[in-house]
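Each of the next two complexes has chain A plus one other chain: chain B in the first, chain C in the second.
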Partner chain A sequence: MTFAACALAVARKDLLTEWRSREVLPALAQFVLLALVVTLFAFDLDAASAARIAPGVLWLVVLFAGLVAFGRAFAAEKEQASLEALLLTPAGPVAIFAGKALAAAAVLLACEAVLVPGIGVFLGVGLPPLAVAAVLLSTVGMAALGCLFSALAVQTRARELLLPVLALPIWIPFVVYGAAALTGRAPQALANLLALDILVVVVAGLAARFVLDD
Partner chain B sequence: MTRGVGGGKGFARPAQGGSPPISTRLRAAVIGCALAFAAAAYMDFVFAPEDSLQGPVQRIFYLHVSSAIAAYACFALVLIGGILYLRREDPRPDRLARAAAPVGLLFTSVTFVMGMIWAKPIWNWDPSKTWDARLSSTAVLWAVYAGYILVRRFAPPGRTAARLAAVVGIVGFVDVPVVHFSVLWWRTLHPQPVIETGALPASMLAAWLVTLLAVLLLTGTLVATRYVTERNRELAEARRDRHELVRLESAAEVP
Partner chain C sequence: MKPAIEARGLTQRFGRQLVLLDIDLQVAAGERVALLGDNGAGKTTLLRLLATVARPAAGELRLLGLDAVRQRSALRSRLGWLAHEPGLYPALSARENLEFFCTLHGLPRGRAVECLEQLGLTDDALRPAAELSRGRRQRLALARTLLHDPELWLLDEPDSSLDAAGRDLLGRLVSGRTLVFATHDRGLADELDARVVELRAGRVLDRGALQVVR
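Coming up: the complex of A and B.
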């Protein structure tokens, strides 16, 4: 099997498991909606301030939903001790990692499909299309880094604690370019996001071999 | 710093081997650091002229920039140690990375505090009103290496901890310049570099070089001391495990 076939098979396996058990997605969708309910109470909202904070709320919720989605990607395998079995197959560790990152990115995308209209409903403002484009572009790179640290964190004690501590600082450039996309330099910011995605996918791909070693 | 670590190799060697014992070398290094810092204090506060625009506050620059360079040097050691460990699974580069990470964190904190003290009068700085990119990117740098130390603490000790920490050290080092340039590209208040452009007067440059030397000497001493401490700890643990094994074996033979 080629690298791509292995990765797609692992991604298909993860998404099929999710489709049959329907565990992570409903919980994540609920998490997203609850975060928006909290936003309603936590901010003093009116028509002007809602439009100003909406992109920030989008980023915050995507970051924290991402932590949950990527944390589950490897925690579930670890709980059932199926990660070892997966690594014993002839598929290379990098292909397995790529497949799992792909599936986790799909889960986060589904989550964003709830979040974007959710912000429209809860805050009463439409999101700027550029903010949505930036979040969609960032999902790729965030998934690569998030899954790398998720695979790393499940091998330690206190895994739920370690993933946010590692992932959040490393994700900051995505937020910086995402916020910059709304300041009138959108083409450059989106191009930088794309470049960042490529860099991060290459780095995570190189590092995955060492994280999924034993 | 390579000198400090090279010296570290001989530190725990028995005294009869010709090289002086660890305490003598450490004492010499500490005295050297104290003298270097005394010279740096003289250069920074007496020798260097007062800045005509910023006044005495400008003197913070010498320690601020030197600490930042020392911190980056430590994180480069973490990177190099991680790469060498992943290539050969040699415990020595891993020990070097383990020794350098907290020292880098220390100098990042020094840079941070010095920068904020400087910014207070110069920018009339108030964190709730003024947001600076370099301040934020340094906070990210700090968080990445604090995460590195947490990985070492939470991972099962031995090979797993070394392997996982090496990955965090490498990915973190790649990310730090990205954070740096992304926030710089966005907006910043931070002054532009003066040293490599030659904008710094010769007397200030001399003061800064002496301070840099003192800070790097201290960095080397701290990293080397931590390196030796880590190695002695590993040796003590291995010895304890051996004793435990012997005790268990002799206990099993009694009946």
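Coming up: the complex of A and C.
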């Protein structure tokens, strides 16, 4: 059984479970819409100020939605006591981790598919294609780190508290480069995001074995 | 012929608390061993060490001729582990649960149908695991353990929630296999013709050999 086939099987299983249980996606979509409505009413917005705060709203919502999406990745396995059965298959911990990160990233992408047009509708700000590319690239790196910390946090009692404490500081570079991509330095920012993605995917992949299996 | 399990001086601690102390255990190929003891005696902890889902704090453990710590990756697909909780995916049907594990084990999906039939679950194949009774879920978990035809079975309270027919089925399933299981029920040990190893406060009283090991 190849690494890719195992990872895809785990991702498919997670997405099928989410599709049937509708545990995370509806809540995240609701969170996105509420965040946009609150922004609309909390700020005295005109066209200029809306364009100025839109990137901040985008990244704040992506960060907090990411905490929910990635937090559930391993919490569900823990609650169902199914992680040990997974680890005793020949799939290996890294393939399991990759599959779960893939599924969690897909959930966050679905949430972003509501968020990006939502910013256009609620704030009247259209995001350029390069901004969408920045969001996609950030999602990859955030998913790798978020799922790694989720696997770590799930082994502790205070997992809901631990995940944001671990993940948010480490996600800051994604916000920095992501925000830069929206403010006129897009090509360099996207190149930095791509390099960061490669780095964190490799590091998270190497660390996953020890986090999941020790 | 090498023994299936050779444990020498196995010790486990949780923080400062010693939960297993200096356990010696030998299980021959084809032998069935029942771990008996009160709650907290260390049965599940010992099984988890044997299943390689936990590492011993001290001692040596060889399973099927391999070192259980250093060679556990090679070993794991040869073990059949059933934890106290069935560890199923509630949103997936009985068949989907097994097919998922078939994929991870590199087995054809038809093996899932065979195992469902063997465990008397054919009529429940399309029902979500969440809708199955506790006893049917236990059968499904046993079916998952059976999928890859493991050489060494490690079962934590396998008769949990099983009715009389389920217990008969369990007896037929493990017949002729190398098995270590934890139970509170001495009757089950007799039914499965198992050597009894009694644990008390993390130590072994080997009644099968009529000799106090420690």
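As a convention for this text, the second predicted complex is superposed on the first by the 212 of 214 C-alpha atoms of A that agree within 3 Å, B and C clash if a C-alpha of one lies under 4 Å from a C-alpha of the other, contacts with A are read in each partner's own complex, and residues count from 1 in each chain.
The rule we apply is simple: a residue touches a chain if its C-beta (ideal position, glycine included) is under 8 Å from a C-beta of that chain, and two chains touch if they have at least 3 such contacts.
A quick note: this is a predicted structure, and the numbers were derived from the prediction, not measured.
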Chain A contact check, chain B vs chain C, more residues touched by chain B
Who does A:6 touch here: chain B (first), chain C (second), both, or neither?
-> second
Check whether A:80 is in contact with chain B, with chain C, with both or with neither, and answer first, second, both or neither.
-> second
Considering only the touch criterion stated at the top, classify A:192 as touching first (chain B), second (chain C), both, or neither.
-> first
May I ask you to decide whether A:207 touches chain B, chain C, both, or neither, giving the answer as first, second, both or neither?
-> first
Where does A:21 make contact in the superposed view: on chain B (first), on chain C (second), on both, or on neither?
-> second
Of the partners chain B and chain C, which touch A:173 in the superposed model: first, second, both, neither?
-> first
Determine, under the contact definition given at the top, whether A:30 touches first (chain B), second (chain C), both, or neither.
-> neither
Mind sorting out which residues of chain A both chain B and chain C touch, each in its own complex?
-> 214
Interface with chain B, chain A side, in the complex: residues 145, 148, 152, 155-158, 161-162, 165-166, 168-170, 172-173, 176-177, 179-180, 183, 192, 196, 199, 203-204, 207, 210-211, 213-214
Quick one: which bits of chain C touch chain A in the complex? Just the residue numbers, please.
-> 51-53, 55, 73, 76-77, 79, 81, 83-92, 96, 100-101, 103-106, 128, 144
State the interface residues of chain A toward chain C in the complex, per the touch definition above.
-> 1, 5-6, 9-10, 13, 16-17, 20-21, 80-92, 214
Using the touch rule from the top, collect the residues of chain B that touch chain A in their complex.
-> 86, 140, 143-144, 146-147, 150-151, 154-156, 159-160, 163-164, 166-168, 170-172, 174-175, 178-179, 182-183, 185-186
